[in-house]
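One structure is given below, represented as structure tokens, and several questions about it will come after.
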């Protein structure tokens, strides 16, 4: 046989599970999109079509919904850990499970006072509006011995309206760009960070708090960095997280440079004093990079932040 | 000539203008997507290709950017009014201008205390994160005499995890649905409301405040209605706005019923006590309707909320 | 009561029905996305939540699938006619039914000779690849007496690489555009045409043939028109259809001007002799218009081609 | 410094270049979306913001358009090779260039006879309609010594309406799926194949012909395989390509199982004899795998087919 099978995996993707927890009249939501990918001794199903080792993708879907009842959904990461452990430990041919999750955040509709964003006594306790600001992500991989947890977010759009410059770059025969000493810097953050929790014997991170803190440090670093290049900002964002969160060892970013071009208003006898911009779609600069705790091996794949 | 020209319009669509206003170190953003549609004496360009009456779409784009400087952007509605008036009054062949705008909201990145959502002294005053919760819309039409302003929003996703029932409906030979006495009610609100401001001689509404209040009343009505059908909720949402905002005479909604189906966990020996739901994509119920102040003529087109 | 209910409608949207017809070993596919919208005596469900007049949206879904079996799917239009007639004639409170359909075309995978596009004896008769070139649309409305059928297509992208000019237009203080004597003309055609078949007593058009012919005439008119403006091309496209197809009385287009800007290569010492273009996304010109058979009343709504 | 920089790259993404070549009156189109990613000695720009090694992303954009003129676009692969070689050999700090390209195919509008798909004398030779059937992809990577070319396609939707079964699988406590002996098998093919051309000293493949042949073999294998699982079909598709195209050593697929569920029509007194299906959106099975020429090392990343 001149051809062979390489890496392969299968499972049910995009199981949209919503879990409501009732604490008296006060309800809580977890809203997830869960994708299961299993691999192991799967040569036969590829070579001959024998499904003797194949747990149907339909069953992996059922398991997601059943586990939402059996284990609840404390966090995306914890839920993924339950699922991955189950598939690897319950089915002999399955050697590795990778669970990918997207989480959609909701906030309460405050009815007593719409200006308040805090939960007050006059709130309707079962009414929610989706936040939509970013999508939270988690990927949990288990091979029967070691865990890898890579969390992150995407579609978090940020902008600095000043404190960004770009000059002193290489100029070749195709260079026409003018240097900029005060520009808008805007991007849609896609970030994935890897936890150094890898074994059931370690103490598990507080996934919810860690997410909130990583997000906060990233936003602060973006806001506070006086930027000479988007690469510098990227490094500051990553570095700030790793320096503040000992549970995180590696973080990768894909940062499109959402160009805001200053519109030339001179033909109309007007001066554009950094006021009026055209927000362009394509092309866009794309800045990608990994920031690591010194001494650790990088593991996050190059394109993971583009998924 | 056996064929004739009917309604026609043209202009530059989706001009992405971002306006930064500097109040000392504190910056403010307005982020709009502006589409221009002009109509009037345009027979010749269709019949013979003569452009003698045609102001180029490129010029309408330039005007959007120039006006952001000349007039600023106080609100989407006020900006559209400046533009529509300009096109109709400055070009003889143009009889009607319709400006459609989408607005994207931004909030400040609070750096002193990430838990605070209020603007404090320690904020970085030029750093922003896009809110993304909904897209605000405005449509301004001017025919040289009368104004029509239709504002609205889309993609505002809301959910009640209880206080919704559905029963007592018609049953025919194709009916298999079971009655529901406690279900999730969720929808992506698309709403457009029409103002009764139509003339320069009337006092103009406070567009920013009116938007905020219409949005608030809509959310409150959604949260507070014990719902026997999504139609009932729709009517309550519209009615609440019209009763509370005298400047608004008509509102139309398109409300997809974002089905959350209770998962049958019995095959796995589990009881699903309104806890675990499957969020479905398609098909979905689609409930559409207009609510009017008694005595006014409806003007919002049937499909406007689907754009 | 200071507020009243205006136009309203409801039903199940986006029912994805696929029908396989077996003619011996040779299979045929019809692949539709069917949306039902019903209206009538629906005041109570809005005012009080009483569902006594409400046929559930779930039932309208079931009817779509059942009718695919009972009536087959001869064409999108014929299928919509069966459905609309059923809802209006079988339920007293339902006075009008509007069925919207998208159709996705498939072609056979030719296995004997991949260069042949004709159905040959060596084809695998149950294997298909989706064409994807455009989406076909149909809207069927019935009020118990009269029919309205509006068919069409969207996302059909066409380009002329020459034979397009644009000059002789109005120039105001915001005009900077240079006149063009040889430019690319490209657009994504969205068109909807209305049939003059309105009664069961008229002979019904051949919907499949009519679609194919309307599409062909539109493409030919686009290709063969030496264009001085996209408006002129639009009118030619519409006019060609109405002149050639007596069953069609009205057609409306939305034609984005997909700008292809000639790239300035002079800074690199190169001459761009209408060779290298930048295909822009936004903003884009948007040209919209209706072409009518002389003497008929227009009925297609302004925004129908934007859905 | 406790944090360090890992893998990083930058460049201008999604440069939409359209090249028209005129052969007398007959025009030819190449329509590409080109993304540049450069890496090398880029520590300084991340650590300090010094751009001394940074060729601006704007320059990489200019280079794409200039090269369309200087070198033409013979194929996506050949165009990417020109670009990658240029960046690595002309800029000392740049050590690796990766060019990703999407290509959009066009066909001629035949005006003499709309049923003919062959180029005839009566065709308008500068009029085109976009094919849209699939998106062709190419990735070219050069490190100054070795080339890697990975070509492919995505969004090619195929269906077999019979000759597919699924049974004999593992059943655990969460399994409810019934075995199927005649089902629809449908998927959106995303495939990437790697060429064994790695050096300027080897004879370069005919990229256009190789694409056409790989696509053809994939479609034939899909059509001709009697399938007991989508994994089996995947392996047959990959294996067919590798066995027929000596220039290709490795291919990876992501194949969503586009579920078409047989609708239960029994409640309506109807029998569904494999005729009426509901085409579901989410969740979907996702089958991914690599097929290799025996003895070669796999190089295509796991998620490349998900980009």
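Order of writing sets the chain letters: A, B, C and D. Residues in each chain are counted from 1.
Please note the rule applied: a residue touches a chain if its C-beta (ideal position, glycine included) is under 8 Å from a C-beta of that chain, and two chains touch if they have at least 3 such contacts.
Remember, it's a predicted structure, so these values are computed and weren't measured experimentally.
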(request) Please state whether B-D or A-D has more C-beta contact pairs across its interface. (result) A-D
(request) Return the chain whose centre of C-alpha atoms lies at maximal distance from the corresponding centre of chain B. (result) D
(request) Find the geometric centre of each of chain A and chain B from their Cα atoms only, then give the gap between the two centres in Å, rounded to an integer. (result) 29
(message) Quick check: how many Å separate the C-alpha centres of chain B and chain D?
(response) 38
(request) Indicate the whole-number Å distance between the mean C-alpha point of chain A and the mean C-alpha point of chain D. (result) 25
(request) Could you list the positions in chain C whose residues touch two or more of the other chains? (result) 15-16, 62, 66, 174, 176, 267-268, 281-282
(request) Using the touch rule from the top, collect the residues of chain B that touch chain A in their complex. (result) 15-22, 27, 29, 31, 62, 65-66, 68-70, 106, 109, 111, 114, 117, 124, 126-134, 155-163, 184, 216, 219-220, 222-224, 260, 263, 265, 267-268, 270, 272, 274-281
(message) If we count contacts the way the header does, which residues on chain C are in touch with chain A in the complex?
(response) 173-174, 176, 267-268, 281-282
(message) Can you tell me which positions in chain D touch chain A when the two form their complex?
(response) 1-16, 35, 37, 42, 45-59, 61-63, 66, 90-91, 93, 166-172, 174-177, 227-229, 231-232, 234-235, 238-239, 242-243, 250, 252, 256-257, 282-294, 298, 301-304, 306-307
